[in-house]
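Should a chain be cited, it is by its letter among A, B, C and D, assigned in written order, with residues numbered from 1 in that chain.
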Amino acid sequence: MDLNMLWYLVPSVIMFVAGVYGFVTRKNMIALLISLELMLNSADLNFVIFNRFLYPGSMEGMVFTLFAIAIAAAETAIAIAIIVNIYRKLHSTEIDEVDKMKY
Amino acid sequence: MFFGNILIWFVVVPILMLAGLALCGQNNMKAIRGVMVTCSTVLLGMSIWLVCDFLAQRAAGNQAEMLWMDSWMWYKPLNIHLAVGVDGISVLMLLLTSIIVFAGTFASWKINPLPKNFFLWYSLLSTGVYGFFISIDMFTMFMFYEVALIPMYLLIGVWGTGRKEYSAMKLTLMLMGGSAFLMLGLLGIYWHGTPEGMPHTWNILEISHYGNIDYGWQNLLFVFTFVGFGVLGAMFPFHTWSPDGHACAPTAVSMLHAGVLMKLGGYGCFRIAIFLLPHAANELAWIFIILTGISIVYGAFSACVQTDLKYINAYSSVSHCGMVLFALLMLNTTAMTGAILQMLSHGLMTALFFALIGMIYGRTHTRDIRQMGGLMKIMPYLGVCYMIAGFASLGLPGMSGFVAEMTIFFGSFEHADMFHRIFVIAATTSIVITAVYILRVVGKLILGPVQDEHHLSLTDATWWERLSTVTLIACLAGIGFFPNWLSETIQHSFKPIVDALAMAI
Amino acid sequence: MGYSQFGAMIPELIILGIFLVVFVADVFSRDGSAKKFLTPMTTVLFGLGTIAIWLLPSCEVSVFGGMYVNDTASMAIKAILNIGVFIVLLQSAHWVESDEVAIRKGEFYELLLVTLFGMYLMISARHFLLFVIGLEAASLPLAALVAFNKKHYESDEAAIKYILTAVFSSAILLMGLSFVYAFSGGSLYYSDIYTNIASGQMSGLLIVAMAFMIAGIGFKLSLVPFHLWTADVYQGAPTAITSYLSVISKGATAFAFFIIFVQAFGQIYPDCWEWMLYAVIIATITVGNLFAIRQKNLKRFMAFSSISQAGYIMLGAMTSSTIGLGSMMYYIFVYIVSNLGAFAVITSIENKTGKVGMDDYDGLHKTNPWLSFAMTLAMFSLAGIPPFAGFFSKFLIFTSATSTGSMPLYILVLIALINTIISLYYYLLVVKAIWINPGEAKVEAFKSNTGERAALWICVAGIVLFGLVPYIYEYCYNAALIPGLGQ
Amino acid sequence: MSVTLPILILAIPLFMFLLLGIGGVKMSRKLAGILGITALGAVAVISYYVAFTYFFSGDSLFIDDGVRQQCQMFDVTWLAFTDRMVVNIGFLLDPISAMMLVVITTISFMVHLYSWGYMEHEPGFQRYYAFLALFTFSMLGLVVATNIFQMYIFWELVGVSSYLLIGFFYKLPSAVSASKKAFIVTRFADLFMLIGILVLSYYVSNAPADGPLGSASAFNFQMLNNNAGVIANTVVGATFMSGSVLTWAMVLIFVGGMGKSAMLPLHIWLPDAMEGPTPVSALIHAATMVVAGVYLVARFFPLYCIVPDSLTFITIVGAITAFYAAVVACTQIDIKRVLAFSTISQIAFMMVSLGVAYNQPIEGVHYSGLGYMASMFHLFTHAMFKALLFLGAGALIHAVHSNDYTKMGGLRKYMPITHWTFLIGCLAIAGIPPFSGFFSKDEMLAAMYNNHWFWGAWMSMVAGLTAFYMFRLYYLIFWWEENPEYKKEGHKPHDAPWQMSVPLIFLAAVSCVAGFIPFGEFVTYNGEPYHIHLETPVAVTSIVIALLAIGLATVMYAKKNPLPAKFKNAMPGLWKAAHHRFYWDEIYQFVTHKIIFNIICRSIAWFDRHVIDGTMNALAYVTNFFSVKIKGMQSGYVQAYVLWYFAGALVLAVITWICLI
């Protein structure tokens, strides 16, 4: 069996969709962060796949992925800090409770 | 030289007026009045001088399309200039503006509250109007046009009466809606008005000289520009801002707005829509003739049943301004001349009306004609003035209204097409309906027995009110008695426009 | 290659320099009253930096193999943004001295400067890697800034909404970018992408990629429907940050958007993203306006107003020409002074009284005529009323949008114009509250802080002069004369 | 004759109007009165001089080879619509205008003098004289107009002066509404006149400039009248609703005349106009303004002759009006209204007389001269005796303080001067020789019989009715039964002061002798003299009819007796209808108030408020509606936001995909 690009891409897309789905349906903010992480990773994966299969001669996608991972880490850090802050006030990490400002 | 051109001073003086007012104390009436009277007198003097000098130059054989032409680059990348120049029509419009600003200053002698802010916005409004009339660059024209529109909101909202907030908002939004269409039209003219290889230009004369806009675009842009200006010209069915707006505005603002600002609409219609898009004007005029024809009759009929003095006058303005646009659309020199005469006449007359209504309202605190009566007995001066204004409005010979209406009717009837002539006949019926509503008001308000005992103690006009009204009446009668020089001046100025129209058939 | 290449990034270096000075001063000074110098120092330093950037000779620099390009347009937009940030600093001077924040003001300045640095990178990036780094650098510290009022729950709610949406949008952007990468021929340089994506080879993937790119960048611009975080965040964030978000971050992103879509995807403009942008602009202007009509909280109101303004800004991107870019930069500049003018008033009043409701402005002119006056001017300018600058910027952006003469663009402009009427309505509501609504003034007379007043003066001067003086536009236009753009 | 005098004729009254109108408030009554009377006296003298010069000087300018010429004393451009449509203000001197100058200034002077006594105690005395001066100015301007447009200008001005004078007692609602009615009805008629002028001038001015019409102004009377045939040929192809355009134009112009001259159905304003001061009624609504319609037809006579259909129209309108007004006059109670209807009837007489004056040879004889001349002659005599009657009525009202004859009766003993002068007036109008009315009426009847026996017979009947109702009035006022009120102290009626008596006597004298003026020598349609000769059969018949009618009136009204009541009861329906003027007012009331005001105006106003305005409000409402509808989008849940976000991106992609691929 020949492992062509599609074999990698499909899981990546599934990851992405799972991330979106998780983000929209989960109630816990930490779970949301995990979903986001899934999405980011799927994008990273894409970069690597395309680099590996389409442009094997260059490294741009790989390098990009490294940066993206770093950024994802930073995002998570800040998000967690904010979640902690919210937890102090609401004693909850349910995303549904954070809806005071609307319309 | 920027300041060497007299036209620039028509904008500079109002700006100085603004600056002068800004330096005055909020309630220092003396200083505020001083600034206003000085500047408006200067403006009036300048306008009169301008008219005289214009006539002198024309008499001396200066046949240039526009006089005092000058152009300063403003926005280089888009070739936007501050281009000024006037022809016979513009100088008359400037004169009209000056007269009404002058009269309006006296009509709002005792404005309250916030006199300083009132005059600040008032001056800004007049800056816009002056700027509009001196510009021959579409951009600056449009800019001044909007400058003139927006102060209305505050002027009505703060100093108005009745449902002022609603009216102010409606007026502002509708006029801005019109200018939205207008702006699109102007953009179209700008981008399509120059031949390949020439820099795009906003200059009206240059665009008309190129005559480059293709017919499809012309039709589209004509509709946009004409509707855009038509909203301000109170064209049916876009006139509905006018009754409410005028009814709620303070005296001087109604005067300036109905007297001058509505003329911006008519002026723009021929200066831009008809002049620059002659082919479309020839082709599409009939649509707007129907609309404006409706305006004329419809406004007059509506005025018949109103009970609020200002509403009556506002609907009458719809009718009269409808006549302006109607005549412009007939696209011949005489009718268009009539339109300009009607602008002048209506401007003065309606300003007089609003001034008088303001004065009456200031005394009786009501504008409902059912609650007043026999004012001739109580305040004979105002009563007589009201009757004079009424006669001017219904087209009494010897008053400007007659001259204007007759020129319009005879000019419009010159149209070769039967359809147009029948519309003219329909439009002439307005002179009867006008008589009906004017006499109805005069009969109820000025004549007849005194309705309200409390009114018996009221006083007649004060000196500043007299000054304001006498100025306007003198102008009305002046035009009515000696119309020919005006008519000739205007006719001459229409030559380029009529030529453009003739070329485009 | 060499370190000398860093020397070419002068604006960034200036920001970095200020950042370092502030950072060091903050770290090595004692807490408490001793930090009083921090605010004036930062402001002065930043002011000097701004002047320096304005005075820099605008020569085209391209370093790191073309990843970073500092052309005239980039320089100009940086200079413009710098002024905006300077005004933000001035108007936040009072707020940062408040008890709650004073202790952390160093962090405030540092984070602010970092985000600005990120925006500079976005602006100058000609390679997607640099762009993404810049974008994130601009975006993430902002989350911390939004949460800066940590005693206030709203601030936290705003922050969590912001950060979650921001990360989501980064994911979308990266996803889109990965698809782009698939077509790019192995290089993420804009210019390489431009040559590799020709209009012939349209595919579903590319369309999705474009949509995701627009969504990802549109998040920062708060284009509809990617805007939903905006209102909540603007409302919850400290006012200084709200004003910063509404103008600086928007301006930088709009510029980057233009550069990316013209320089990288210019080839597929008519096939693909023209219509996406078209739809998004219409939605942005309209929805922003429709929401703004009902708002009672001025900060939230300004949020929706800024959404619709973003739509107008993006009109400049509809034509990939010099005039479009020039008008867009000009619009951003004018928008900066107008919006910040409004925010300066809102900040002053909020700092004094804590009131941000529109009702609280009833009869303001009786107690605070100057603030009323400034607010009126700002509203008029935002609504596009001459002779204030907003009119000119709107007019010019409409002019640029119609410059190709194509009918759909005329229709777009018409829709935008009709929307200006709605926007005029709600801007006038503020004016109405100030001047017309009856009743006693709810805000007592006060004298605002020097910094706020200075900010206000700058804004008012800008509102009045930017339109009447043509040099600003000419500056923008000339700056926008960069290669690769049509006239 | 220099142009100074014609200019003065117009300028003095105008100046007096301005002087008294602006400065009157500051003047004493006496000064204002004297100024007004003196000025008008001066105008009268000048007018006499001008007319005298015109008729008798023999200047070749005025009479050439025995034919009287039209002469434009001056003609200055007032307003130029186009090269071919130039409005001039000028002074046209020809037989009819010279005659009218005399009539107007005479009556006006008499009225000025009379008013001094009559209006002595009224407030606004100065204003009254100002308005009189304005009216005189306008009327003079009207008759000397050199072009139709000038005529229209002054036509409107007389309308407004009439409005001002009818509404002089402005505190009385009835006066206000009467003045309003007068103005609006005449304005309505003027509208048709304007349309007529529009049509006429359109075709004339668009005739080729190198054609026979030349490039003269299309308004000019001389040009139009001299080229009537050419004009008819020019517009020969143009028809509208199967009528020639020229016919339409002339009929429309005539409708303007119908309004001013109170022809059916536009007569309704005139009876109401009696609300004005009585001298005003004498001047405006009896002698001068109301004959403007006749004057207009006479002025345009050559053009009317070229389209005989329009003359037929004039004849029919006139005939119907004359009969109608005469019948109504028999049943009125208010003496001024009787006189008003009598005026309508007499003017209709003149109209018929013009209408029957075809310029076509009948059995080889041009009869047109007769009808035209007779009409003008009657205009002249009628002005004198009708003014006399009105002024007499004024004296009565002055004495009795009422307009109703029921409050009078037996006054001959108390007011001899009034009585005798009134009687002379009645005899004149009844057509009894040797009073002036006989001669003019005789000529008119002759013209009518010459045209068709029917018109003659019909109008003879009207003449009989005229004699009847005038003497009914006369008897009821001066005979019948003496009002017991007079016996009371302080209520004794007496003759008026000299200011009022002098005009009465003067006009009575004129009415006695005016008939002997050889009118045909002066005023004819073509300027050639026409020798008046009595047509014996016509004269005898009409005298007999008049005497019979007077006899009937004597029998019925000379003494109090039940005969009138019997007649009334014999045909109550007819009497009631006639008394209510055949319900014309009610019909108009219905049309204007119920239909136009209530249905059209109100529905338009409603439409404006609710549909047009409603549309604008609806736009705002819809905007708001959507604003509220979409607020759910901003639900506050970040997950929903993200869902929108993602869905938005996908939708964007999908739509683009569908559209492109």
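Here is the rule we go by: contacts are C-beta pairs under 8 Å (C-beta built on N, C-alpha and C of every residue); 3 or more make two chains touch, one makes a residue touch a chain.
Predicted, not measured: the structure shown is a model, and the values here were computed from it.
Counting C-beta pairs in contact, the pair that comes out ahead of the other among A-C and C-D is A-C. Relative to subunit B, the chain whose mean Cα position lies farthest away is A.
Averaging Cα coordinates per chain places subunit A and subunit C 27 Å apart. Each chain gets one centre point, the mean of its Cα atoms, and the points for subunit C and subunit D are 77 Å apart. The geometric centre of subunit A is 96 Å away from that of subunit D, both derived from CA atoms.
Averaged C-alpha coordinates give centres for subunit A and subunit B that are 64 Å from one another. Looking at subunit A, one finds that residues 23, 32, 98, 100-103 touch two or more other chains. Counting partner chains per residue, subunit D has residues 620, 631, 634, 636, 638, 642, 646 touching two or more of them. Counting only residues that touch two or more partner chains, subunit B has 173. Within the complex formed with subunit B, the residues of subunit D that make contact are 25, 77-82, 85, 87, 149, 153-154, 156-157, 160, 163, 167, 170-171, 173, 176-177, 179-180, 183-184, 187-188, 190-191, 194-195, 198-199, 201-202, 205-206, 597, 600-602, 604-605, 608, 612-613, 615-616, 620.
Of all residues in subunit B, only 170, 173-174, 236-237, 239-241, 243-244, 298, 301-302, 304-306, 333-334, 374, 376-377, 380, 391, 394-398, 402-403, 406-407, 409-411, 413-414, 421, 424-425, 428-429, 431-432, 435-436, 439-440, 443, 446-449, 483-484, 487-488 touch subunit D in the complex they form. The part of subunit D that touches subunit C in the complex is made up of residues 620, 623-624, 626-628, 630-631, 633-634, 636, 638, 640-642, 644-650, 652-653, 655-657, 659-661. The touching residues of subunit D, counted against subunit A in their complex, run 631, 634-639, 642-643, 646. The touching residues of subunit B, counted against subunit C in their complex, run 73-78, 80, 114, 139, 142-144, 146-147, 150, 153-154, 157-158, 164-165, 168-169, 172-173, 176-177, 180-181, 183-184, 187-188, 190-192.
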